[in-house]
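Two complexes follow with subunit A in common, the first pairing it with subunit B and the second with subunit C.
On to the complex of A and B.
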């Protein structure tokens, strides 16, 4: 009955719905950024890939592996080998180079990764989109898809100067949105030479024979007195990496949503008080007929909640239509370099938007509902 | 005029609860506007407060690529340069914790000359200069970790190792500095002696992170920065020099387009608020259809009714907006101490004070336009017939 009443007061109901939709839009939009980080980082990790860092390092940037630790890692048990017998190990190092951003007059930190020819086989989603892989020992580089979109002058066939070297871009790859897409890959030995890194690396990625082989591999390196290493599953490593960003962004999202929510509650309260006020007589009649306070409150609440659900869904859908899949980039504090991500509106986020809308309208419906139920019947019937 | 205003107010106050909710939602919108403006202004503000006479020279490759220590003296010799100081990012972590704090290795005397806004007493200066293991810390860190002058504090480096393999250095705190009369240095870092650091290193001795160059004449900043870069051109470590201002601007832009984010949020807030206000006025006009008919019969012109309704709308946004801005002012004051570490200047700026009333007027006019037009176009016969 209440719901069929809504069209009679459509402007007021519309305002409440739009108010809730606005809040839901902002909440879902900001949270979709956090979701994008999570997707990019979690998508990057494989269960059967281990990452080796110096003990005590939380990220690749602060890690360091001497040349002597590489053979120790390569000889450890549980590493998968190619048909030719080569171990699937990629010792890597990570430097940051300044590159001009597209359509902006500033530069940003681009991650340049020195890799071994095995590197593509250690990223499960690696796919060459254009050109070819770089030849080992040359100044050829391949660029991630995100990099190609984000910076000026980075495209297959171009030559770019970083450090004292000219680098030839020969290929472009995708990692299905994973973190490798934000990187430029070059020959490890040449990166060591150009950036004065001696013979040192920062991390090693290792493909294991199976997911279960991890423990034996880790134990062997932990026990080995020649090295001082931290061995982690790639999935665990990335999950840790995204925590900080996730926290920061969701914190921002909820702060904005709380403040906006306050405004939306007021708009919805207005609507609901109005709804009740215009039906004082009707409600009093119902009560006179024997309806108790509870059904009256319930009917007001239901009307309010429907508005909330519609608004919450509308905002979420708008966020999805406007933003989902849009790519942007930001500074990843752990690697101190740019990371590209896509706004990712998941069904869970849509649900979050709707639930938040419901919470807001529940609060907004409760007071007017109680008021309606408490107005003395005689007063109500006398009203115009 | 006074009677006109009281008529407008009486119309608004007809339904107290509705008036309250509408005012409150306008107030919330302006509260958000005020705070987000303060945030935006503060991000831009740290840019404009940065010393115009200071340049930052870093490796052309990136900020994490070290420079040779000899660059300090070489840069000192460039024409137009008044002073130079070098800095190394230590990557300091408080022992047993994971929280990273800003810790810099520099030459104490050069540091104090470069940042005169960093204040410590003469006795403290002497003590610091005479102890290689000495450090000075910012008041925010001292508060947070309970550090006092005379304490011995261990800090772990996430980047460097000592010759004996240890990753933790110990420092004697000689002063808790304050920053007065400038905002070039923040209140939450640790500064210690480069020599102590350099001589204990396992790898990477005699390298520095970046240089801060003070120019004799700020108007020459551009030319001096070109001269510095020219000096190191075609060497194994080329440099890139920019004003502190440009440097900070670039650093904030790396995080993303914060401005665009804030503008979208504020627009969403105002759009909703506009609808709420327009709806309130429209409802009120609808309820008074009959009354407007009577007023027209009495000789009120179409124009005066238009003016009446628009005035109601304007009064609503102005009062609500003023309450919101007052709240924003109070909230900004309260927040300023909390966010001081990251945003040294946080408050409602002059620009906001000018823009806010304009926005209130614009909102009031827009929200009132449609209901006012309805009231104006009412035909007396229709109006009197309806609702009677």
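On to the complex of A and C.
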């Protein structure tokens, strides 16, 4: 009697597993984007680098630093100096330019950052991959690796027009997946001029003598009556920068997973009702022996949960195999610029996929389990 | 057993293991009342081996289920070993069945995914026995039905007769007060059926098991000590 049931059960179990796997795949894939953001931003920040903005600004775009603030910042205590005695400070400004995307007919916002020659020494993962650094005071730019991959016509040796200026690409750099890779770096003074920014900057990055030097540096600037500044550790600033995006993307992931989950529950519910229906007599026999409702419900739930665990894991593993490490880019709504990221399927996300699969199949197994436990034993025993 | 001490002058009471008084069972089906059993009285002494016969739909399974505590009478009382089982809560009834009743089914009702050994062990999972003690009992039961060498086989690797012997081993492994068999040979060929009947007879004669066996087969009924006929909801006794 049970042999006959196996083929039918198999297909129905397979449908349930595939349904759960699909949901888990989508969930893990979308969450791995959020994870990728987090990784990029977390990876980019250094504990011993401080970022200085105007007080009250939440990001570089809304910040502005007047010309007079820069010497005050540079004179503050705790700043590391080069052997020659130059302070490791990079006043920067940040504009957004349009660039055509590779293989698409659309353009996207590219962050163009005006930097000082100190900028590479303020990014812990900076590494020149090709060409050379730009000379100060010229129209030379260097491009992040993510930028080079995303946009058309951005390569070392090429000339691009942004604003009213032609820019000469002389180098390409890596930030090992960090956010600087999504940027183009140009001479700060020229960016100010081309984009009519006068002598103002938006932020200043400062390398400190040590991680502990931060508090003294911040206190000095906070107390200085000549300026009105916000001083943050770079790590803290980045964590804040990606919060909105992470929330948006995670929200999207869970919304999709909830909607698809309803479908998957129906498939799993159907499977479990079939499973229970084909075992009514078995269940009745166990109960005739004296087994109570709890073990009956538990046995149905366990079978259902096995389907959920298998489906959840399958979806997560598929997401890992198909997407992990794949680079893509999207608009960061907080900075209004493209940001490249890598799909990052972490063990935690795999676990999330499995747990979600378990939750879905728990719900799907509960009703059939309760029904199995409620069927009168005498009725169950009459079943063929 | 306490009853025995309390009423030393009533030997009949000691020997009586099943007592039904005025048992009526009604089913309602589609608004229509089906009277399956009508004011039934029955007394069975300990160590009896009764065959229960009757036309299809006469209520044999219903009666067996009532005695085994799988169902409750609409009216009347059922006592087994002095305990009014019709008054037990369903949880208590479940525990009582686990301790006192072994069921043997026409279709064996073994769990296909479990080995013979594991199937027989199932009822013992409700006891406090250790795993070692359980296995010991399982092997005693399997030896009793002559299937010690098939302990690791799955049901589908066994013949029908062997499956039913596993079913019997499972029913007796807890050493129950009552062994209730619903057409235990109904699905077997004559030879296998005879072996099952020999086994039941041995369990009754050598181990003193009280057995109630529903059957359609008069030859099977002959192997019992006596036969009860159920017809139109009433019992008529017939001895041979």
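The working rule: the second predicted complex is superposed on the first by the 376 of 384 C-alpha atoms of A that agree within 3 Å, B and C clash if a C-alpha of one lies under 4 Å from a C-alpha of the other, contacts with A are read in each partner's own complex, and residues count from 1 in each chain.
Definition applied: a residue touches a chain if its C-beta (ideal position, glycine included) is under 8 Å from a C-beta of that chain, and two chains touch if they have at least 3 such contacts.
Predicted model, so just to flag it, every value in this text is computed and none were measured.
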Q) Does subunit B (first) or subunit C (second) touch A:267, or do both, or does neither? A) first
Q) Of the two partner chains, subunit B (first) and subunit C (second), which one does A:104 touch, if any: first, second, both, or neither? A) first
Q: Pick one for A:162: touches subunit B only (first), subunit C only (second), both, or neither.
A: first
Q: Could you let me know whether more residues of subunit A are touched by subunit B or by subunit C?
A: B
Q. In their shared complex, at which residues does subunit C touch subunit A?
A. 61-62, 65, 68, 70-71, 91, 94-99, 103, 105, 107, 109, 111-112, 122-123, 126, 156
Q: Would you pull the subunit A residues touching subunit C in the complex into a rising list?
A: 1-3, 281-282, 285-292, 376-378, 381-382, 384
**Q.** Residues of subunit A defined as touching subunit B within the complex
**A.** 11-12, 14-15, 18-19, 22, 25-26, 56-58, 61-62, 95-98, 104, 106-109, 162-164, 195-196, 256, 259-260, 262-264, 266-267, 269-270, 273-274, 277, 328-331, 336, 338
**Q.** subunit A contact footprint on subunit B (complex, rising order)
**A.** 15, 17-18, 21-22, 24-25, 28-29, 31-32, 35, 60-65, 91, 98, 158-159, 167, 236, 238, 240, 249-250, 253-257, 264-265, 268-269, 271-273, 275-276, 279-280, 282-283
